[in-house]
Amino acid sequence: MRIVAADTGGAVLDDTFQPLGLIATVAVLVEKPYKTASEVMVRFANPYDYDLSGRQAIKDEMELAIELAKKVKPDVIHLDSTLGGIEVRKLDEPTIDALGISDRGKEVWKDLSKELQPLARRFWEETGIEIVAIGKSSVPIRIAEIYSGIYSAIWALKEAQEKGHVLVGLPRYMEVSIEGNKVIGKSLDPREYGLFGVVEFEPPEGLRWEVYPNPLVRRFLIFEVTSKH
Amino acid sequence: MRIVAADTGGAVLDDTFQPLGLIATVAVLVEKPYKTASEVMVRFANPYDYDLSGRQAIKDEMELAIELAKKVKPDVIHLDSTLGGIEVRKLDEPTIDALGISDRGKEVWKDLSKELQPLARRFWEETGIEIVAIGKSSVPIRIAEIYSGIYSAIWALKEAQEKGHVLVGLPRYMEVSIEGNKVIGKSLDPREYGLFGVVEFEPPEGLRWEVYPNPLVRRFLIFEVTSKH
Amino acid sequence: MRIVAADTGGAVLDDTFQPLGLIATVAVLVEKPYKTASEVMVRFANPYDYDLSGRQAIKDEMELAIELAKKVKPDVIHLDSTLGGIEVRKLDEPTIDALGISDRGKEVWKDLSKELQPLARRFWEETGIEIVAIGKSSVPIRIAEIYSGIYSAIWALKEAQEKGHVLVGLPRYMEVSIEGNKVIGKSLDPREYGLFGVVEFEPPEGLRWEVYPNPLVRRFLIFEVTSKH
């Protein structure tokens, strides 16, 4: 099975560890044995001008996933919304009302579906590929999340050159490490059986970085970069 | 404390990873230090003719647990239903209504109890041994679940000789490996502190197998066997 | 960020593994990189005379945290109640009613706040330090919990000299080990990224101890000490 999935992750934090905005939307192609990505696309947001209460992430994810899927022709696209795997092209108002989710969730999707349902339906008509709202159950979405952490770390390394110092909150229970010219992201949960990602990137000179627990959010780590100059 | 527990697990999957039916019901005797089984009984279902929406599993588990308990005389039997540890022999309608579970759960138990409550009461009258509905909190039930994964892998190795190829979904976050003539099952969750099982079995010749994440169900692994012929 | 946090943990168990009472309240100072404590205070309860259904733990925790905070002047105090981080000094009846928690939780806090809200307000007026009800999200509280497990093990070693045998239930998914004159406590959850504690203590002679899973409570371990005499 060949699956395209997308997720948005990594957050710039202020110095009291409060999130200001998200950093990287990533789409991945995941194939057997479903541990990493065979292809990756990334789009960076401007985390300093980000509406954390809005729904921009899922729209960016759907668009980027469709862009990658047009290139690699997967069997299916996984979208990060936990609705039991329903096809997004089928999400009209009555169907949303019938979902086993909270009233708030239904409200959100009635609004989202105005844009996302036609997009999904057109894509299916063109390609036969379904976009399914599978969310938390999906391993490819978790791999996309890990890559969003890797790209957030890469963003942080560039940002620290300009700003001198930056704090990034990584996605849930994952670490990043830098080995030579590779940035490696790994899930810390052994129950996920070794999900990881690798991106080639040479860190700029004159930087040092640390990874440590976010004291305010158990099981989430912080990636901190400081310029030595 | 000497505990008998039972569980049913391992699922045959079709080639889109959808479960068709469950494979193995296992009863175990668990003693200090509560990491593995000292005795094991297994009963195989026919997973190609299995009602996944029905309640056959818990009836098979109760019967097999009673069978093992008659042999090994434990202090208690653990049943895989999370009702806070209540004794199954006490589950009449008023008691079920008073449980802190969903209406659906109460419905299910009002039906199950017709068969299971008299069975539990008779067994207690004969032996003094209680059957408690402890479910997710029980370590012996988790050990029974790990053994159901081991026996599902054994079933898969035999099945692949006949059918050429088979996909089995293992129980939650556990792996199986084959070392010589032993099939070993291990929990992947270090918080469980090293729960495992070992069953002697010589894999047939001409087979190869793989273990990898189920892409549609995070933290569950697939055991895939293919005949080389 | 310098954080004081407190928690109560470790339980004496009877020989059917039922908890009789809690053992140790610990306050910790946690600083970057937020993996262990830089300072520790402990207060032992009498676990044989402990009201497990009462609320003594959180009162003991608040008092001990304030005592440590007066000494080390942290930026904030973390209290183990999961209310989204609200300041305890702000918990009057209308504010409690507006919290997103169960009716039972609101009942409990309306009673607790009579004592804890004035205490928090006075402390803030004197020092400017907030006490926030952050609970499960806090890493310093988890570190305090790990230390409560270490001190419970130390208590158990002394207790076994007198009583000959004792069973202690450790806090969730942590282990203790003894290396020379150090008692070490470690989280078993790799997603927490290596939280630990160390307390110097020379175990008395003539004792042996074991750590193994609590068969009735998955992911919780038992620390058992027996006198060889």
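As written, the chain order gives the labels A, B and C, with residue 1 at the start of each chain.
The criterion applied here is as follows: a contact is a pair of C-beta atoms (placed from the backbone, for glycine too) under 8 Å apart; a residue touches a chain by one contact, two chains touch by 3 or more.
Quick caveat: nothing in here was measured; it's all calculated off a predicted structure.
Student: So with touch defined the way it is at the top, what topology do the chains form here? Options are line, ring, star, complete, other.
Tutor: Graph shape, chains as nodes and touching pairs as edges: complete.
Student: When subunit A touches subunit C, do the two copies use mostly the same residue numbers, with over half shared, or different ones?
Tutor: different
Student: How many degrees of rotation map subunit A onto its copy subunit B on CA atoms, rounded to the nearest 5?
Tutor: 120
Student: Just how far, in Å, is the C-alpha centre of subunit C from the one of subunit A?
Tutor: Here the centre of subunit C sits 35 Å away from the centre of subunit A.
Student: Can you list the residues of subunit B that touch 2 or more other chains?
Tutor: Residue numbers touching two or more other chains: 189-190.
Student: Any idea which subunit C residues touch subunit B in the complex?
Tutor: For this pair, the touching residues of subunit C are 16-17, 172-173, 175, 188-190, 210, 212-219, 221.
Student: Touching residues of subunit C toward subunit A in the complex: what are they?
Tutor: Checking each residue of subunit C against subunit A gives 1, 3, 30, 32-35, 85, 134, 136-140, 142, 189-193, 195.
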